[in-house]
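Residue numbering begins at 1 within each chain, and the chains themselves are lettered A, B, C and D in the order written.
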Amino acid sequence: MDYIREGDYVLFLTPRGKRYLILVKPGKRFHSSEGYVDLETLIGRRYGCRIRTNTGSLWVAAKPTLLDHALNFPRVTQIVYPKDLGYIVLLSGVRCGSRVVEGGTGAGVLTTILAYYVAPMGRVYSYDIEEKYLENAAKQLERVGLREYVELKMGDLTEGVEERDVDAFILDIPTPWLAVHTAWEALKDGGILVSISPTIEQVIETVEKLKEEGFADVSTVEILLRNLRVKRGMTRPMHLMHAHTAYITTARKAFKEQKSPNRKES
Amino acid sequence: MDYIREGDYVLFLTPRGKRYLILVKPGKRFHSSEGYVDLETLIGRRYGCRIRTNTGSLWVAAKPTLLDHALNFPRVTQIVYPKDLGYIVLLSGVRCGSRVVEGGTGAGVLTTILAYYVAPMGRVYSYDIEEKYLENAAKQLERVGLREYVELKMGDLTEGVEERDVDAFILDIPTPWLAVHTAWEALKDGGILVSISPTIEQVIETVEKLKEEGFADVSTVEILLRNLRVKRGMTRPMHLMHAHTAYITTARKAFKEQKSPNRKES
Amino acid sequence: MDYIREGDYVLFLTPRGKRYLILVKPGKRFHSSEGYVDLETLIGRRYGCRIRTNTGSLWVAAKPTLLDHALNFPRVTQIVYPKDLGYIVLLSGVRCGSRVVEGGTGAGVLTTILAYYVAPMGRVYSYDIEEKYLENAAKQLERVGLREYVELKMGDLTEGVEERDVDAFILDIPTPWLAVHTAWEALKDGGILVSISPTIEQVIETVEKLKEEGFADVSTVEILLRNLRVKRGMTRPMHLMHAHTAYITTARKAFKEQKSPNRKES
Amino acid sequence: MDYIREGDYVLFLTPRGKRYLILVKPGKRFHSSEGYVDLETLIGRRYGCRIRTNTGSLWVAAKPTLLDHALNFPRVTQIVYPKDLGYIVLLSGVRCGSRVVEGGTGAGVLTTILAYYVAPMGRVYSYDIEEKYLENAAKQLERVGLREYVELKMGDLTEGVEERDVDAFILDIPTPWLAVHTAWEALKDGGILVSISPTIEQVIETVEKLKEEGFADVSTVEILLRNLRVKRGMTRPMHLMHAHTAYITTARKAFKEQKSPNRKES
């Protein structure tokens, strides 16, 4: 049984479909267009309980998942959405113990998701050229208890990274084709590269560079997520989510053909 | 550096887009429409190397990922595809150390993916009513070194499970609405249910039951994956993948409203 | 050469992507967030000319198409969108000279589009149970010069229509399955039925009834339209259009099997 | 009542979802994997009747629509699919009496559809550089009774056309951006250009040229069509149709800004 305590976060789910990620502090009152809640009344109750606001609106006090927290980070940059995050994680092969280089850190959403998976034995090495993004990411990671699994590093992925033999290398920068060589050097044999770009021109440049560098199984996809509004007698698709989409390119580190077939590659 | 040894698997990637998951045994020759390869010649080479078949076709000998293995399992039942697998894993919150109930085991693809994430500290409790599926799954899990993280159990999820306080409960059965109550009992506070169904009627029944049982944040989505054929000057979308799609319903364990608001739920 | 005259309509296209369908009257000034235009200045200019507002914003004074007008009708009911309109027209086979029954008239968008195609030798017989919709449709059809090609009739399609041997029968009502028999009676041999419904439950009922009545080639589709933002170096997909979608069911009038195969059907 | 006569076409619809467009000739027998039909037995029966093959398979003898015929043309080139055809027709504004320039003729599918709409008072001026395509198109148009509404012309759209003041200009060639100027010259004020291209690079070139030439309301879309398999209790989406897709770009003829605002454009 999981009781809500002072200092915990709750995720309020309202009948109008609103979601509020709130820190529970005694004496505080949370206001919304659907009424207010005295946060004190939550203390001692179980996560998942239902409560009513002063106007009678019936809410659920849910336990926030890591994804809830991550999607609530300050949007200092464009973030990666769940529909893409799941695919990126799966294709990258990242799991407990993995070592993964990632950048730019940006808002830190992807960084945090990766940390969630590699913990407690793995590491995320996250690069960004902006000090402020690294600082913000540190704060968010701290808040969700994942700070220790991430090394936040100031640096430009197009110029090189220190890490070698990493399991995965994930690019979310404006010029990923300039970091393809860095990725090749950093990845272990069989390592996976994932690159996320909003425009088709970026994808074309990146894919051409990947092929040039000898990467194999280069593939680019786009994911569309459709919501259904399900209610007996009135079931219908809802509008598709997300105005901004991104193309996801994946590739496997490989070697260009050797001159004499049975020699070990350097 | 990762060398191919006798007894290892390689994933051949051919120019025509074929993929072959092959066990490397000396003396064996692998034949295809693009020529043959004497597997011996791979031994001692690095994963990711390029080799030529007797007809001169240039292949890559890639290191198979867990996903490659899983997608290669005997298709004894309809499987869940990567576009859905990633989303299911992400929304379920499953990670290292998680305890997750899943069923039916079926071909074991989802079971294996879940084991990959919860290992080494977590457990997958996978149920099926068919002995043969459990046996097959055991074999596949053994092959990819994940057998120890899964408890394969003969049983009907609609009748109940032994587990309590699990982090996630994943349903891939024909009548998921009949297992909603089981899931509610088995989940921890804040636990996540995921249900996968091919038909809209199944979704409607399941969603109505979830609401009845007090689950919150009930959502149903459908994921479409689009491949792009990227080649400078000739970039275009390819046909969409997968003839069969499934609807993915997610929900959070919650409690129906209590009579007196500040009482602890039982 | 097509000059703008007093009493004509123009469609203003602005840099911010706004579209304004305006009647040109001397002495009138059209205001917007991107500046104002003295409509008089348009008189004598050619359609397609560019003009600047007082703030310097550069607009195009385009010639409105019938579709522009139709999409500008008062939205008294949910309308059918271009992505669906095109498909409906094509599959229905409606063209110059066709006779088509349609209902409910609703906002009159589909009615108007159909009239555009059947004119000048064909007819649209449009039914609605609400007097106010018929009156509104008459006004809109008048405005775009298509009133004479439409017979607006008060009536309930589920109870029957007067017309016989029509080329197409188009249903956009809440309970289309109740009008299937009416459609069968009204259609000529080989005539086409099209039914538009927002929910899957409506589609299921309608399809089952169509099969019962002996319709052939019953098919249901859903159309998704994707906008691309095309700009050299920055090309990317935009969000998908339209929150509400509809399922489009098409079928061909046919006969149930006859007892003795070579007899003419009654 | 519409009876099948000798020399008519029928469209056979089979339980396995096959469609056969057949010419009815006495003494001929049509064979398929679902049995055979002696075509004579159809003569005198009504379109839409049901018949059984020798193996007992129950077919419908439907009346072919123009679309059925067009989709049955020899596929001498890549064709435009219904999901795109409907949108192209609608946005082009083509109707009875319209004059439309189109090219390349290719397989003639789009040519035929356009002819269907402009008849009997309008004209399609269809250009191609290949004699064989023009000859093939003439044959197909003859077969469906639309030959007289089309002027088939040998010529290169990128070099110019004779027509002026046309209502619409439709491009389905590999280098549409080279025909943009031709289109501008040929279109009437307010005329519509539609361009169909399979690759994104072609779209980018075309859109940039359209903007350069002063076209307005330049828009590019992509249409996805989803089939639903509807059967009570088992309703689900089917695979998406069509491996090849095309981008559809539309634009309105307009004028670049004039130096002195109130002068008539030349």
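Everything below uses one rule, namely that a contact is a pair of C-beta atoms (placed from the backbone, for glycine too) under 8 Å apart; a residue touches a chain by one contact, two chains touch by 3 or more.
Predicted, not measured: the structure shown is a model, and the values here were computed from it.
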| field | Chains touching both chain A and chain D, listed by label | value | B, C
| Fraction-based call for chain D against chain C, same above half, different below | same
| For chain B and chain C, what's the span in angstrom between their mean Cα positions? | 45
| task | Can you check how far apart chain A and chain B are, centre to centre, with Cα atoms defining each centre and the answer in Å? | result | 20
| message | Multi-chain contacts only, two chains or more: what residues does chain C have there? | response | 200, 222, 224, 232, 235, 237
| In their shared complex, at which residues does chain B touch chain A? | 1-3, 13, 41, 44-52, 58, 60, 62-63, 65-67, 82-83, 85-91, 93, 95-97, 113, 116-117, 119-121, 188-190, 192, 200, 203-204, 207-208, 214, 216-228, 230-232, 235, 237, 247, 249, 252-258, 261-262, 264-265
| How about chain B: which of its residues touch chain D in the complex? | 198-201, 222, 224, 232-240, 242-245
